[in-house]
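Input: structures, listed below.
Look for chain A in each of the two complexes below; its partner is chain B in the first and chain C in the second.
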Partner chain A sequence: MRLRRRRATELAAVGSGQSRVYRGERLAPALMLAPSVVILLALVIGPFVFLIDTALHRQNLFQTTPPRYVGADNFYYLFISTKFQVALVRMLVFAVTALAAEFVLGFVLAAWVHRLRDLPGMAIVRTLLTTPILVAPIVAAVMWRFMYQPDFGVINYILGLVGIPKPGWLSDPDIALFAIIAIDVWQWTPFVFLIVLAGMYAIPRSLYEAAKLDGTSPWRQITHLTIPWFKRVLVIVLLLRLIDLLRAFEVIVATTQGGPGDASYTLPVLVWETAFVNFQMGDAAAASLVLLVIVTIVITLLIRAISRQGVVGQGRR
Partner chain B sequence: MSEIVGVTLQGVSKTYAGGNVAALNTIDLEIRAGAFFSILGPSGCGKTTLLRIIAGFEYPSAGRVFIGERDVTALSPRERDIAMVFQDYALYPHMTAAQNMTFNLRNRRVPKAEIARRLAETASILGIEPLLHKRPALLSGGERQRVALGRAMIRKPQIFLMDEPLSNLDLKLREQMRIELSRLHQALGVTVVFVTHDQAEAMTLSSELAVLRGGTLQQMGPPDRVYARPANIFVARFIGSPSMNLLRASVRGGRLVMESEGTALPVPADARLQEGEALLIGVRPHDLKVGRKGEGGLAVKVALTEHLGRHNFVVCHPVGGTACLHEQDAIQFETEASVRYPVGTELELSAAPDALRLFTPSGERRDEAP
Partner chain C sequence: MTDAKFDRGTVQRAAERGHAPSVSRRGFLKGAAAGAAIAAASSAVTWRGAIAESKKLVVTTMPGPRWEMALKASAKAYMEKNKDVSIEVLVSPYAEHYQRIGTSLIEDSSDFDAHLFDPVLIGQSYPKLLPLQEHFDKDPEWRDYYINGVPYFYRGSWDWDGVPYSIVHDANCMMTWWRKDVFAGAGLAEPARFETILENAKKLNEKKPGAGFMTCAARNAWFLGMTYTGMMWGFGGKWYENDSPERFGRLSKDNPPGKVTLDSPENIAAMTMLRDLSKVWNEASLNAQEFENAEAFKNDVSHQQIMWSGFMILQNPKENPNFHDKLVSRDFALGGTNNDASKTGMKGGFGLAIPKASKNIDLMVDFAKFVTRPENAENFILAGGQPSNTSLLNKWGEQPQYQVFKSIAQGIANGHHLAQFAEGPELFQLITQHAGDVVTGKAEPEQACVNMKKDVEVLLERGGYNA
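On to the complex of A and B.
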């Protein structure tokens, strides 16, 4: 009741042009927002601060000694360790190779399905091609581990039938990383495929027909029509995949856990191993901060490069 | 420049996969070299299908397509040496106007100097030099239209196909582009196949036109001939605006007598009509004249006058009821702008005998020999 009367006087004040609003009234919106802001801070900034704090301490969950402040020591030891350098290289090889494969394959598949779109049964092909996305990554990893199994796995069984030597897919250090890349490619090419295909469907049919009349070869159709048409979408897919690939770790942990040796030892695996195998929380926190910074830098550079090219925010029609 | 040729369709039919009715029904067309040929008809009658078959985007279910002497039925669009202006222009959005126009030449590796020469030439014909560096998004509808035309022209193809190229433009621009198209056709002397559902466009532009309905060819010929001697009541009503009036009548005592009405019109001299024969009489609004009372004619009551500047169109209802009208509920006639009839005025309309078009009750032309 009192509240309503106050509201009424306030409205009257506004209405008559007077702006004598109580301080309490002005604070009200801020107070109402406060709970959400606090929750947001607690959920986002909180863990981040905690992570930085952890990275500045030496702490092993197996020992009862309390965390000891060590300044930047954790970072220093991380940077000089060969493990870190190996992990960095493996991470980049993993991300770049998988990204390239997923894009090339996704594009080729989409172009193929789009070209044959009027054939009967194409809807089924499209659905089949997209099912891998639906599989949980951990399930995919376990499934592939079985298929890669050297002695009774289906892949080597088929190779045996043809009479090709059977490699130890996940146990051969030269092959392991690429075998894992294949799993990621299997799972995520459909994502690229789907978005590229959607982009192709969005191109008016008459544009392709005009291109046909203009005597455009199928290859030039892709480079001069399809790609320029949805450059922006491609860039966004590229960013999404890259972020995911730089952080990928379930598939590695579920198959080789970074091995054999350090063949598939990427930075996220290093973080995982340091934290949950060795329980060195300070070192793990430092490594994950470095990972975060790397991802951020890569993304920022890419977005810069792209917006300089005028792809972002450019009108399409 | 490649030699100018025509297009011939022989018994072309098309049934789309999944469609149960034929989009086109055994069409025979002869498009002469250098003609401005319009394909005219209401929405869904198969105009676009016909054009796409000529272009090679669709293959006919039956029949053959010739460009000049060459049977192109099985050839791909690329091999047919045609250019097409699409209804939505289909300009490449990421290319400038110049790049759009030269894409075809660049695809075929025409030397750079030659491309530049042809671009300059085409741009100056169309008056679009200032637009060449702009992308389609920055062009107005009319400018896009010109660039699309330029893209087609620069290749100097044997045949130009145009699918309702003017339908996206506003009225004023459309009239302007009509004149321009006409001029271009004369200047280039090429064969143009032009699809439209706008009869006025077809009438003013074409040297010859074909009227389609439901996938079937209704009539083909020069516009004035089709206008003057429509093959059936569909063509009669589709061509000319406002539409031809159709009246039910029968021959009694050597005169045409309206159904339900008793008014009589003089019989056209050359028609050999049989006593008692039922007919449909077609008469264009500008052929109906107001006669003096009691002279005999169709008695009507004025319902509405549309002022159109130079002319008025008067809409009126027959005094004796609408039973004498065929699939319409009012009669229209044209008067001078200075002549005004208040609503409710009773008039008697008549027409000169040779202004009457006679059709059988089923709608076919009758005034040919029976």
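On to the complex of A and C.
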């Protein structure tokens, strides 16, 4: 009713020569949106266009001549290079392994803390379990690099005390990638733990009490009650961690820079190395566009697959 | 509304009255503009006055004893001698330092009087840098001391078309280090050749696992690529046909590389030796950075290494209390069929380059010369610097704790140069990658050399060098 009256007033205003007021009202939303649009253009769309333009040029920061247009050459040489293929495989191995480990460990820890939540001192346990997130990733990586050092690192020192062989954690090509994954798992499992635990706390206690009365085992409580109840939370954590893992960079650069050989050489490391070690901006722009497309495709496929299960997008639980 | 006077009294009176002063927008703007103009003018006068009084120099550098500390000690000594001069040493990490040079030289770089300069930047930067020959000639005594003391194949890296664009600040190269007490006890030969190093490594490992051989073979800073290039040169190999000392690793269309020779018998021999060494080396080598190699010596973990000369601290009793007098160095080893001791190893180092736009050219040249003079050597060296003048290096090298300086004096003359062309960093990256394939067992030396050659040919072709 109120809307109809307002529209009538507007029409009357237009009819009576007060169209300036009407135009002003129409302009107001556009003006209010303008700052956001400008910021978006300046910080996202502009750089993205610049990135595409750079990817089409042979451009080296050390060269004395202007960038040269080379069409899709940078993409062609990227795709035929073995290091791109290696980097792609390593990136997927890194992301999938770390994601699985973080999820399993995070979930187990959360289930354990949730189950023992009434015991005294659990608040301290919760806090201690989440402290690794508070460490800056680069600091964590450097700290672990020192601990992993084969000759005077603390880990091999302890292994030596108990007579276990001392591996070259970051210098053995067979285990370096997994040693880095362990750092990521150490740092980010608490994130999964925290979100999952929050989800568990949101489930009414009465449901667990009813399940107990029915004689449901703890495992069935998890699979038939906990997981279905907060699938959405799990999906959000999964997506956030996957995006993070696909573009994981600082932990690798601070520990091995992709080595030994190319044992931990992932696509984000390739982009960084091409841009800031080799100073080949055209090649780096092409590689980062490819990385962007891969991450977008993976995430989109994942969201679609999950949507079909009715977890997101459908409003069903 | 009339314009009101906007002064402190107005504000105070208004505050006392409990409300804001009555000031029109125009009045406020007028007052603000006038205030800003007066403030700007007075600060400019003060600033210029201060500069005129103090003769301030601004020099940029990277952190670390060799650069920052040596420069700061030199600056302190210079300021003590010249009370009216102040020198600000701006320190930034590697990448930021290079960015600062790059961005400042895009414009006139007048904010800086000198940059600690990597010779690989000379090709793109020399039009903005001060040609120094005329300044050298104004002081023949210093010029002769400098020219005769810093080997041509070293200082020439900072020249362009025969014109010097830097005064070489420090010296750095790869070399061989070993524990003379352990070697004497085991009756091992001086590691002058890689074949000897390999034999020694096997014998040393039998006595203490992991002690036989260690090197920097990480991806970081192209350590493995640098080590391989030093070995390639020591085995008599080359990157490409025109890879000779007098070209200082420069390429252009007028100065093309010629045929890529990375799969030559000498190169394959060097790569095979690298593979053989990787089977006996301390496994930390594959991810080691310089400090880890140093710690391995200091903690009796390693007894033989190929390393950069930044290790001078290892002969200092304070830095290495247990083994400082037992560590000894020599120039990088030879190998294979090569017996020419004047071509071996790898060299680095930095110069002091002065932007043409510097407002204090004469003063800066004087300071740069002072940094290299014998009278400043003690300040420079005790702060952690490694001088570039061989007369200083050999003189100080007589002392046991600076014995390494004698090896530096040889290494900077004999070592292979850096790659001074736009694709140079990527060349080192490719070498690092393929040498990495060999030491991690992914490829045999012959195949790795063939793959490396192909990749470098593509790189040079894309760079437009008509390889």
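List of remarks:
Heads up, the rule we're going with is that the second predicted complex is superposed on the first by the 276 of 317 C-alpha atoms of A that agree within 3 Å, B and C clash if a C-alpha of one lies under 4 Å from a C-alpha of the other, contacts with A are read in each partner's own complex, and residues count from 1 in each chain.
Methods note: a residue touches a chain if its C-beta (ideal position, glycine included) is under 8 Å from a C-beta of that chain, and two chains touch if they have at least 3 such contacts.
Just so you know, these numbers come straight off a predicted model, no measurement behind them.
Of the two partner chains, chain C is the only one that A:F276 touches; chain B does not reach it.
By the document's definition of touching, neither partner reaches A:Q85: not chain B, not chain C. Contacts of A:A263 after superposition: chain C is touched, whereas chain B is not reached.
Of the two partner chains placed around the shared chain by superposition, chain C is the only one that A:N60 touches, whereas chain B remains out of contact. Once the two complexes are laid over each other on the shared chain, residue contacts for A:T300 go to neither chain B nor chain C.
Legend: residue contacts after superposition of the two complexes on their common chain; A:T223 is shown touching neither chain B nor chain C.
In the superposed pair of complexes, A:K212 makes contact with chain B only, with no contact to chain C.
Contact comparison for chain A: of chain B and chain C, C touches the greater number of residues.
In the superposition on the C-alpha atoms of chain A, no part of chain A is touched by chain B in one complex and by chain C in the other.
Of all the residues in chain B, the ones that touch chain A in their complex are 55, 57, 76-78, 82-84, 86-88, 90-94, 103-104, 107-108, 136-137, 151. Contact residues on chain C toward chain A in their complex (touch as defined above): 95, 102, 120-121, 123-124, 210, 217-220, 222, 224, 282-288, 292, 295-296, 299, 301, 421-426, 429, 433, 436-437, 439-442, 455, 458, 462-464. Those residues of chain A that touch chain C in the complex are listed here as 58, 60-64, 68, 73, 77, 81, 83, 149-152, 168, 170-173, 176, 255-263, 273, 276-280. Looking at the complex, you find that chain A touches chain B at residues 204, 206-207, 209-217, 220, 224-225, 228-229, 315-317.
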